[in-house]
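We just call them A, B and C in the order they show up, numbering each chain from 1.
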């Protein structure tokens, strides 16, 4: 298991958001984190990243205990993040937004050329100021940025949000490509269908706890179960 | 017509002052951007720059180290250039020390950070007073930049031109640094979104330390260049923070050229009031602060809520 | 701490024993008055005023001017001083009461510097750098008897009396509903406003009050020194009261400022004998206190004595909510 989250309790101030959440991801696996709004999906990602550190429980990444590590160390170990609000610096060009993300980890590096190969429009956008990008373009930059950091695990938070269906398919294709390269992915989605089309395993969160976990195939094929768990 | 000509040297003064104020403000702004700290001691570090320069330019500054003699023996032109590099580095070190002290107040009620930098300002002023004495000091300048220059029928101070030119150069270099270098990109990104930058693997603590040192070094450079214009006295510190604050409120936190333009405006006001009565130019700044805060500072920028506290 | 009363109440009897002098006692008490008034603003209200020396100075000048131009009644002159300081404080509060934090602080600095400047320049009235001299310690005329307070020991008793009065007034204010609201403002201004309180008015009121007390102290100081000097209005002196109040523990205790003032004078008169750098050390101590123990000396004392002391501030908002019946 490249990532092992064991019974974490995460708080926002004095409010508890996660109650004993456990999950694990293997190398080359795509794991989906599903559930309604406020279930704690983003909080889980933030806990893994060390942005909102869990008060109890443990997180291990790539063989090391990262429960108390600062975010920048966790990132340097090879955890990449594509946040739901993209978070591209608007006053920088695309090129500079990407350049600050370049780093080496023990995982496979991605060159600018490769990244442009995956996202061909990016080459033309390189000198564009980030604030002048469309939603889809920003998403591309955010994913490219995560790749340039040589990740072993990429956390996608609501990657399909606000994007045209064609672009969503592109994003899913990239996720499949990462899987083929042996990288791991956690995809957080409100839109279960999107996530299920690409995931191997699934965790369903509900009000801060894991309500169900299992193979994605089980949920894909069982509409009834899907409805029970996700109301969709 | 005569009146305008009379005003011209004061306008030029205003420009020189304004550009230097802008430099202080830009350093002040960088610090706010990356760490949301209003450094009340920024002005004291401005003053410290001038005092460090004093000690490095002449043995009268009290420096008794043997190696310093090497410096004193250099021709004054070279000495000045070296001092313009060394003194700000010294101040940067002090600035970074202050940042380390401030760390204890991060995350707490911002009132503590405010009190701490206020205390630091007082401590620095006292330190300066004890080390260099309370009376006004003078930094020897290379003759190539001092003296008078004649344009038409009027006499202008050569130094003001030097000060303006130098400030323009520094502002330009700063702009290049922020816009064209990877570190500049890091600082801008860090100012915009510190969480994201951490998630990209950047050690924010180290970044903040650097920016604090860098920002205070800018103040120090301004302090050295402004020394002959404002005088080198321990109390100068407080008077230097006020224009910086007025400038960022006027120009908008985070706006580079906003700060420059606002700086020129503030400089003009100070320079022109100086035309009527030199004592009043300082007070003009305080009046300007009161006016600006009363009328302009309203819920400034969602992100920079630190200014609202 | 009635201990304080005991100590200060008997001071003239033992002060010379320990190698000091009654005038120092008066000085200490004067600054205690100044600091206690200031603490209502900073410690209770969380409002950082870094230009308070101005009102101290205004009080001093007003007392002197009243004495020369108005009347030789001690009480009238004192009232004049208090009113003058309160008046200017009220004007300033018009500009700053909707602000907090850094804006508030810088505005107070700006106004402080302006008053300092005016005082320095308006030499016809204030005599500038030389100071307004020949201010007398007017006799305390209670109607049935007039006590001359010219000499240091009687003067000390008079100041002590003022100190007691100040404490009674401030204690009542701080523990009144008004005081509770002020503390709530410190804790969370937005929420207090939400509860329906006119926070701007409260801030203006507490600011003006602290200015009035500062003016009162200033007047006493003018009598002590025999003159009103412009230096007390500068930034260094405005800073000193901040240092005293914080180090003493004004954030957590009504009495904190007294501890801070005493420490300051101990440093000045004991340390100061050995070194010129004592002010520097006091400033560094301030920084250390802010960094490591913002509750100050009083906080340390409370930690020792009351192990389970509930922090003063959090109680206020709960109380307020109860008071408002929501």
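Here is the rule we use: contacts are C-beta pairs under 8 Å (C-beta built on N, C-alpha and C of every residue); 3 or more make two chains touch, one makes a residue touch a chain.
These numbers were taken from a predicted model, which means no experiment stands behind them.
Across every pairing of chains, the maximum count of C-beta contacts belongs to B-C. Relative to chain A, the chain whose mean Cα position lies farthest away is C.
Chain A and chain B have centres, each the mean of its CA atoms, that are 43 Å apart.
Taking each chain's centre as the average of its CA atoms, chain B and chain C sit 33 Å apart. Taking each chain's centre as the average of its CA atoms, chain A and chain C sit 57 Å apart. Within chain B, no positions touching two or more other chains are listed. Contact residues on chain A toward chain B in their complex (touch as defined above): 49, 51, 70-72, 75-76, 81, 83, 87, 89-92, 96-97, 99-101, 103, 145, 149. Looking at the complex, you find that chain C touches chain B at residues 46, 48, 50, 95, 99-103, 105-107, 109-111, 113-114, 117, 121, 235-236, 239, 242-243, 246, 276-277, 279-280, 283-284, 286-287, 290-292, 294. Those residues of chain B that touch chain C in the complex are listed here as 38, 40, 101, 104-105, 109-112, 114-116, 118-120, 122-123, 125-127, 130, 235, 238, 241-242, 245, 279, 282-283, 286-287, 289-290, 293-294, 297, 306-309. Residues 182, 185-186, 188-189, 192-193, 195-204 of chain B are the ones that touch chain A when the two sit in their complex.
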